[in-house]
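All chains are identified by letter, namely A, B, C and D, in their written order; residue positions are counted from 1 within each chain.
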């Protein structure tokens, strides 16, 4: 009786996986747990990719694994995918923490891993041969914004406010380094604990430091809280710059009276002039009832690439890896190619975008070549 | 000085909502001696209730409390009668685990039903403010603070002036003695849980226009409520009211003068110090 | 210092206040080795409070407790127990989820680090209180009479010099009470000193060498059983018409 | 708890059956990697061992001593962080780094214990949570030592080399398997020793009634402290093992409240205050959470032909069952608490005891 769980455990370990009919691809994503709200965008993007692959006559079987936002669970998922499900490759994971752990395993198992959105720089700087990343890296979020800011205006001081998480802290770090390189003085820097209903005491201090531009790294809803309270306190720098995440969601944009004129760096927008972007946006909206975030586009792209390569290689992992290394793609995410540069391996050199909320909608305003609207600079003040 | 006054004011205003959450927890603890680890999830339910009333019924979140309170009161009462009641005499660790389990069930049920999307209530006043000299005062916060004061006043009236309220207080002070004096302790437990859930939900509804809503939003509120309740003295309604405001102000001032990343640390250290040097809390009777 | 002239326990002017309430005020008496002292008084007279003060459960507000020549003030119950004074509880406190013998083993372990040795001691004590046949039962499942015996066995296992028994006959039927009386007398035979709180007057008259009467926290009278019975103050204040 | 009437307890120590079964299980487990090379299986077993170690360690202070710490993540984190920081930034080999990690855990436990053990019941529970949260926040904000929220990514565990020959290479899971197994067996043996020792008796007395225990000559804080230190020692060891095994830690995954709760669940679902309760709890929780997370239940239904994968039910299960695993987890906790308050092992033992009692009554007739 007491051994029953052990029997279940044994059954779990030894149960034969279902027949080897078609090419299998693993998906590791945060479907439950604190990261689930964003994880869901990835799930949706991958579901659309699955449909499009099928439409192209490519039939792959997806094996979904939930990492619950925890690295050790991600490891468990990777072990299972690599050895029990014998997948041809894996797409995932969402968070940098899980991806760190999973990438190491992928390399050990020689299972090609295409990472959609984890942006921590180190991930593709470990000399891995089987880890590929579609996503831009943390530093890119800051540099595109500051490039734009220094072109449009002459900011001399910057305040950097970030949430005290991996994403926030590493974003702030790269922003600081890049600002100093550009000769902008950092007059305020603080990492806050996310999820608080009250940031006023922090924002009052920001106001006291009187920065020309304000740079923020925040997840979804904190971005709204921060901007609401900035308005309350009448914080008026030359520009509010947000590093993706919370600042590039439809929800944020729709809060016009606080989000208008806020800039955000992002990896993708529905109105960028890459081919198929708009159609993807409309389709996503219709299917899931909300606008897609860049996470969805990243995940879609990662899965499309993995699906095509894996089916061409008939599931052979070495061939999949070789195919990923050799190929280049062009779709709604712009050109994708996995290259070695600046200490990275198999890293896509992605063109970042800057979007700005204009009248409750995002307009892609930077770089000029890809813009759908002109940037409004400087911040026109609160209404 | 501006920084000090601004932080103090917004801390106190936020503290009002914390106080309601704490009062709910302290009533449940007082009457049943159970620490409710699902308390934050009750706040979460209140937020969702207010959200749907707003989006579907166009009911203002501040008005919604007249629906949210009875709804969650009923929920709490049913929860007590069907589940919590069974562990009233169980070991304390089993009671704690049961409420942890209830919390998991609540937040994950909401996730299955409504996905884990963040939801925002945007009222016309959500980011409104007015100026008071150098300080700006958030309109919704001030409103919610006023309503909190009103709710607290009604609660005090209920606890002090009505027979049922006095019976609840008697049970909270000494369950055995209350029973000997003919108080229907079982009924008081049901009422207390309902009341605690209702108050937590009202707090959730009041925070909702300035905050955001998702299934896991509750946990930080659970921890905060523990701190508040211990600070004020477990079982003391007055203590929780004052404790909530103190914690709100402490957080805000710590954010201004130490670092916003460290404000939780300050709160926990304060919590430990209270536990060690004044375990009965500011307003509690010593029963450690 | 010869054993006969120095008291084993000397209580000097002990007072205990809770807030403004005096539970004991200026209580003094002493005990010599081997005696049984009965502590009586109406409900709320401060008997149990005095026990708590003596055994270190809380310190007296004023006054001294001197045991075997040592001043106990400020000592914790475990230190007091190690010195050789141990008490039972009015409301019995068995370690419910432990077996009967394990309850007694816990008491015995204060004198030895060896569990087997403690088991030996525990077995002996269970024989003394006639509970050996229940050794492997859960303590929480015993009927009240046996729980009281278990309390006694448990404190005996700590090898005390002085036992403080708080209403060990409370709630027992006459036969069970008689068992306990015999047990107390047997313990006396072994040379142990005992202080007994009891409501059953007949029993206390039978077993006590000396009686102290508390009333409203103060010592009302002290003397041999016969003196107490004939003391008019005691009769009016406490015994009243109930004692004939 | 209502007293269980007149039930006879078994004599202390383990029955001959348990001893034989335990030895057999250990031998089988020791041979397991020789036959099963599947890393996924090995990984699940390592996870299982870690849960056993932590559950057994908590059981000493929580199960036997009745001091329900919901803050053991602090010790887990101390183990993981000390070893990984020393290895990653100072290049100290983990087996040397383990010594200061364990010493630190002992020291911290002694300090935390002497502060918080003055508190009883719910106050102690809340204090333990606060202490663990303080440690998490320190790990989050003490960036120079812990690298803050970004965490520590281990670049590799150096092999053990003696006299130029490589003894153990940590690139496979097997060394971790054996370390986990050895430590799990060690904690079980420590628990067996503990249960029969003066320390174990005293802790159980404290659990049952602190005042009574105190009056019988037990210095409460001292003995609680000793038990907490042993418990912290093994929890920190598990933390170190976890950090080395996963190769990445950050404040949330190494010192988060989740870990504390998980540890308590393992012990309580299995059955506290028993030698094998945490083992049973670990087996149930690891198997269940993995089965739910990985959709194994749906897969089994499909494989067993009960549900077609392409049918609407199959698709619904696949879509929702894995999302629902925390929900099912919640229900499991509630069910165990409501219907098996002594844990699963406790419930099984009680049932067996009742059966024996019935059989004995039947025989007497």
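Basically, a contact is a pair of C-beta atoms (placed from the backbone, for glycine too) under 8 Å apart; a residue touches a chain by one contact, two chains touch by 3 or more.
Just so we're clear, the structure is a prediction, and the values are computed from it rather than from any experiment.
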- Task: Work out which chains are contact partners of both chain A and chain C.
- Result: D
- Relative to chain C, chain with the most remote C-alpha centre: A
- Compute per-chain Cα centres, compare each with the mean of all protein Cα atoms, and return the closest chain. D
- Message: From the mean C-alpha coordinate of chain A to that of chain B, what's the distance rounded to whole Å?
- Response: 35
- Note on the structure: Taking each chain's centre as the mean of its CA atoms, chain B sits from chain D at a distance in Å of 32
- Distance in whole angstrom between the CA centres of chain B and chain C is 48
- Message: Quick check on chain A: which residues sit in contact with 2+ other chains?
- Response: 32-33, 164, 191, 193
- Query: Using the touch rule from the top of the page, what residues of chain C touch 2 or more other chains?
  - Reply: none
- Item | Of all residues in chain B, the ones touching two or more other chains | 108, 111, 259, 261, 264
- Query: Which chains touch, pair by pair?
  - Reply: A-B, A-D, B-D, C-D
- Which residues of chain B touch chain A in the complex? 2-3, 6-7, 10-11, 14, 17, 108, 111, 115-118, 120, 122, 126-129, 136, 138, 207, 210-212, 214, 216-217, 220, 248, 251-253, 255-256, 259-261, 263-264
- Query: Hey, which residues of chain B end up touching chain D in the complex?
  - Reply: 29, 33, 35, 83, 86-87, 89-94, 96-98, 100-105, 107-109, 111-112, 219, 223, 226-227, 230, 234, 259, 261-262, 264-265, 268-269, 271-272, 275-276, 279, 288
- Note on the structure: chain D contacts chain A in the complex at 36, 38-41, 43-44, 47-48, 140-141, 143, 148-151, 153, 155, 171, 242, 246-250, 252-253, 276, 280, 283-284, 286-288, 290-291, 293-296, 299-300, 302-303, 318, 322-323, 325-326, 344-345, 348
- Query: Which residues of chain C touch chain D in their complex?
  - Reply: 55, 57, 76-79, 81-82, 86-87, 89, 93-99, 102, 105-107, 109-110, 113-115, 118, 136-138, 140-141, 154-155, 158
- Residues of chain A touching chain D in the complex: 1-2, 5-6, 8-9, 11-18, 31-33, 64-66, 68, 70-73, 75-77, 79-80, 82-84, 97, 100-101, 104, 108-109, 120, 122, 126, 164-166, 168-170, 191, 193
